[in-house]
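Some structures are shown below for you to check.
In the two complexes that follow, chain A is the common piece, with chain B as its partner first and chain C second.
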Partner chain A sequence: MADTEHKVKEPLFHIAKRSSIVWWKAWLIRLGAILLALIVSGLVSFLLTKENPLRIYAVMIDGAFGTKRRLWSLGQNIAMLLCVSVAVAPAFKMKFWNIGAEGQVLAGGLASAACMILLGDSLPNPVLLLIMIVASIGAGALWGVIPAIFKARWNTNETLFTLMMNYIAIQLVSFFVYKFSVPKGSGQVGIINRTSHAGWLPVYFDMEYLLNIVVVLMITFVVYVYLNQTKHGYEISVVGESENTARYVGISVKKVIIRTMLVSGAICGMAGLLLVAGTDHTISRDTASGRGFTAIMVAWMAKFNPFFMILTSFLIVFLEKGATEISTEFGLNESFSEIITGIILFFIIGCEFFIQYSVKFRKKEVA
Partner chain B sequence: MWAEFIRRAIMQGIPLLFGSTGEIVTEKSGNLNLGIPGVMYVGGIGGVIGAFLYEQNATTLNPFLAVFIPFMCAVICSLIMGLIYCFLTVSLRANQNVTGLALTTFGVGIGNFFGGSLVKLAGSDVPSINLTATSSYFRASLPFADDLGWFGQIFLSHSFLAYLAIAIALLASFMLTKTRVGLNLRAVGENPATADAAGIRVELYKYVATCIGSVIAGLGGLYYVMDYANGVWSNDGFGDRGWLAIALVIFAMWRPRLSILGSILFGGLYIVHNYIPNLDVSGQELFKMLPYVVTIFFLVMTSIGNKRNAQPPASLGLPYFREER
Partner chain C sequence: MQAQKSEVPAIRLEGITKQFGSVIANDHVDLSVKHGQILAILGENGSGKTTLMNMIAGIYFPDHGRIFVDGEEVVIRSPKDAFKYGIGMIHQHFKLVDVFTAAENIMLGLEEKGKFSIKQCEKRVKEISEQYGFELDPSKKIYEMSVSEKQTVEIIKVLYRNANILILDEPTAVLAPQETEKLFNVLRKMRDDGKAIIIITHKLHEVLSLSDQVTVLCKGKYAGTVDTDKTNESQLTEMMVGKKVTLSIDRSEPKNCTPRLKVDNLNYSLKDGTQILKNISFTVNSGEILGIAGVAGSGQRELLECIAGLRKSEGEILYFDPKSEETIDLHSKKPLEIREMGVRLSFVPEDRLGMGLVGNMDIIDNILLRDYRNGKLVFLDKSDSKELAEQIIKDLEVVTPNASTPVRLLSGGNVQKVLVGREIAASPTVLMAAYPVRGLDINSSYTIYNLLNKQKENGSAVVFVGEDLDVLMALSDRILVMCAGAVSGVVDARTATKEEIGLMMIRNKHQKGNN
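Up next, the complex of A and B:
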């Protein structure tokens, strides 16, 4: 080996962390990812339906915005998803992986349904509504705080604890659905207080879901202020960044964990109330219908900013509605929407990498 | 009756065993794959698609191909799911929890979609997917099992996938504790920076472990649809078994050998409500809580006891970037 000159093999590309990125560049990358995802999902739809891709998009848009009824349903669904997303945000900002929102929503929903069924005939409506609000918020908060207490005291893994709490809530709902079922033993509660409307949230201006939407927007605003302008919000950020720093500056990490999960669970309970008393007027295992899980992704995509969550939950609900319309229009199974949602999520999750890192390709060899 | 109960508990437990063994192998590399429920759905539907197309296109079924084609389809489909997860979390450094949940949404969607639309998409005229023929090959068991009374019923009456599940669990246990590859893998899961410094290829280990884990978990879906459900796919039929498999990982304290016993116990808890006399429907629903309550109880006990050998891999759920050490 006479050749002493070392030849260093340079890789095709290398990755460098960006120190900062202009905000519009970040959003351009996100927009690009969404567009790419829409193209891929259009392609998938095309392969499955053999329809003109443009027509597929038209069907999607029609499914979401087509009629006044659909528009309201879109708004209602966005509001409910937004509510749960806003609820999980404080805990996630603290790096507390609460995947139990599904159970917390169900606990709240079950509490309000139970009030409607048991107290519906005996109390005047305003009193009943007040009791329902307290009960559902309390139930959601309880469901959220149990794992938090164990996390704070014994560092019990919260991801798995909250996950298990979901199924306990689901089985509890199943149990009570059989207990309350009308007619007995049918396994369905049916519309509660169909004639008396006791415990139903009031309808203003003939617009069925208006109250839900307004309440959720208010919650969104309050949570934004709570996270960004209050001492509690600041403590949450510090605990999320570094528990050691938090301890050093004298923040009681245990207290923050328990308090934040109380807040998170309470808002989830509120979402349960809105679903049961303001939307479905019944209760079943599917009342939360996976929102607890979807909300995590919505909140994460919005970087835990409640206002961005309006955008991200709109995106997800639009896709769900649109894909559902495609599946009915072309006679496909309705789970099609979950596939499309999954594809979009993969792209959005993946694109964050290109916001945080820049990929530099090997320069052409210069002699 | 007892023998029958144990036999059924084992049948319920096998999908959980596949799922939890797969998740243990995955978690040992430091990846918390919450997409396992989706992977198991995809494994199941992959097998169904393979078997359906083979049954539709073959005039007579060759027993070997009838098992081999669905098996390979399940393996390939769940491998793709594992690759998606790895590409996003290892190469693109995405958050593991969010990626896992998205993978579950996607996988369950794929399962239910093809389960509901396969007949239409394949342009076939059968009313529904019914793979009893293929299933009978999968369910073939030892012919003399019935002659051996309770012993045969409990231990010998199962199909080859059930024994494969136990074999894989034992093999995984051996690999993790007794081989260099297993030691390296555990090092990656405990402290990737140290492993990297020792010359272990962290990204490669994470990829391979997660993909193998996905394939093992996907076989659980295949077992469920081909053995347990007699080759009849029903949407959402697989239910929450995927999550239960993840719970079982904690119960087994990240040891595949323990998850063999754990899965049978969980399988028993899953169906015990059928064996309690005079139980009404609402009471049954309460009994179905048992596996989850037991998991929480166990989770709490291990965290209070804080035993060193019952803890998750130290870097579980955390991403590893060499530049950010």
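Up next, the complex of A and C:
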């Protein structure tokens, strides 16, 4: 063919969708993205702080794994984030944009705090714990199911609705914190049942957060099975992919929406319990500390596979811990750590594009 | 008849190649049209006709090859470039703004100097209409228009931009036979006016009645160009498919016909009050195929969905159970309730990936859709579906790497085989299929026809909604004709003529010859 007279040039590169990719290639791309992220953020931090990037990374790693205490705190934080992520996964898999996990966690936390304060001295501990579990799961489920019912009945927008439910939950917590505050009017609840430890989750083998971590791992496993091996999980996938197909095979879309949000909210409620009774032993507006939103990212990055979420939540928590450590160690403000976290996440999320698509460069034309 | 036929081709393609990933959509295709000539591009679905035309219209850029307009090599990088060279494309899916009038849509995006004047535009639209014999009111809003009127707007839109080379992508797919004939007359007038016209189609009889030359594509490759008056259907089919095929449907006489499904006075309206189905009554017998004919959007889809329990309708839908001889009212029953009453009703919906199947799920999970409730306790049991999936892949010759390939990666024909295979596996007593061969190649289409025939011979009542009248008349025993949501009549498929059915499709006889 006489291509020589071509007056136009083909564009320098174009993007084509990949039909499939071998798994190791996908992981190679991901690994490359992490390396690139480290190089870029190293460069940025060098330019801003004039510190040796390697030293910065060393401090980051030290911040996350440095001491036994830090290691446990890392594990605890991963577990909590994982728990909320696993909780939102069923809803998102159903394409129900639940951004109300924050509120659902708070509702669960508030319920268990209320039980601890109101019933702490009058009931034996096992009975109290049982009531707390029921109450917090119930509260979380309630907070999740209200938007679901409205969505199923009147097709309201679940994104706005769940967001609004967050604000209600936060204000409710504020109200009760004021009510329960010790001393009265201080606006703080303080450590609940500091001496009696009534309603505190038991500590085994002297390891403070062991129970939390084990419980969350169990929940993760159960949700994995629920999503992949059960009829309910199958229905969630069908509704998420195509409501028309669901109706066609006789799945009640309304029922599935309501049921799934009950499950999702219940697990969030459980996370609230673990936070209040197993970690903080107090309640405040910040008990959930943004995990309800971070969890959405964690779940998406893991493509709703609960086991991958262990990895992604580890990544996020590690970055947060490490970045905070850099800020204090080098006397920078917190914004710097957020810059680093932002750069690394940008690369990790951005690389998914290159797994989905390939970039083809213009071939050199042979004259 | 062919005036002004100059010797330099209006447009000529040379060795055009386009590749998407590993798929070669066009492999060294040549083509040329002269002014005052109609060229038909013939090929099965997926043979690269639309891709080729999109490269002329500036939507894609070819990987290799050259394009000449009036003898000069050109580079078309965008639709704007295409307009510059007088090339206008009428797409299969209309690109119009619903709330604008015809004239407003035509003016949209024009970069004309001088005053913006709707009046002047309307005047020119009228002139163009008169010149070629269109019927169009330029101040009518698009949403008030019929499909054929919308198409007219699209055609005038490109003529308004002084296009000399017109490309029409499957323009007859949405038209009734009479409307098609009208369109063809307009196209012939434009040809006589010296325009070069390229028409994409896969209907052989249209090619033969309209075009001067035919370029055939076969699986992305150029299969040759022939003069229309020197060819015939079987030669074209052979070029298109790449091998000899026998195109005949083996229609047996209906046996043991007893009423199986009786629809009585069925009405259906949308929430906003628009009435979609009006007083529909008919009966389907066991052991027969009832064809449903009608212009696209006459309510065929809604009718089947009402029967399948997916829409809430008013009226009676009675099912006569062959075993218990009971009469069951299916009206206002949900799909699951219908199944639980023991009615073996199978439905192959029009929207395969949006309703019948889930595109992102693999073949096994899609087979599972019908029977996922059978598993023990709360857990899924995929073993039966796995077996059935392998069975369907083998029996229907589904081309797929394996049973765990997502169905969206399969070709249209194979997707349909999975869907029909699943629905037939339930050994239905009533089988409803809406446009089951749309987008399928000839071989897959005949596989589907044979499957429907086999179901009929097994004694099920088959309802077949089709768009190709030739097929409807060759496959069905009786044909119910719909027009604007009502039944215009039921005819015997063995004796009725195409003209008769065509007339019933556009002129509603208000419930007369109903059985």
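Some observations on this one:
As a working rule, the second predicted complex is superposed on the first by the 353 of 367 C-alpha atoms of A that agree within 3 Å, B and C clash if a C-alpha of one lies under 4 Å from a C-alpha of the other, contacts with A are read in each partner's own complex, and residues count from 1 in each chain.
Here is the rule we use: contacts are C-beta pairs under 8 Å (C-beta built on N, C-alpha and C of every residue); 3 or more make two chains touch, one makes a residue touch a chain.
Treat the numbers as computed from the prediction; the structure is a model and nothing was measured.
Residue contacts after overlaying the shared chain place A:350 against chain B, while chain C stays out of touching range.
Residue contacts after overlaying the shared chain place A:155 against chain B, while chain C stays out of touching range. After overlaying the two complexes on the shared chain, residue contacts for A:232 are found with chain C alone; chain B is out of touch. Contacts of A:242 after superposition on the shared chain: chain C is touched, whereas chain B is not. Residue contacts after overlaying the shared chain place A:250 against chain C, while chain B stays out of touching range.
By the touch criterion stated above, A:31 is placed in contact with neither chain B nor chain C. In the superposition on chain A, A:222 makes contact with neither chain B nor chain C. Between chain B and chain C, the partner in contact with more residues of chain A is B. Chain A residues in contact with chain B (one complex) as well as with chain C (other complex) are 16-17.
Put simply, chain B touches chain A in their complex at residues 32, 34, 84, 87-88, 92-95, 97-99, 101-117, 120-121, 235, 240, 243, 246-247, 250, 280-283, 285-286, 288-289, 292-293, 295-296, 299-300, 303-304, 306, 312, 317, 323-324.
Put simply, chain A touches chain B in their complex at residues 15-17, 48, 97, 99, 150, 154-157, 159-161, 163-165, 167-168, 171-172, 174-176, 178-179, 185, 187, 290, 293-294, 296-297, 300, 331-339, 341-343, 345-346, 349-350, 352-353, 356-357.
Put simply, chain C touches chain A in their complex at residues 15, 20-22, 61, 63-66, 73, 75, 77, 308, 310, 334-337, 339, 347, 349, 351, 353-361, 365, 368-370, 372-373, 375, 378-380, 409. Here chain A touches chain C in the complex through residues 1-3, 5, 7-8, 10-11, 16-19, 229-235, 237-238, 241-242, 244-245, 247-250, 252, going by the rule given at the top.
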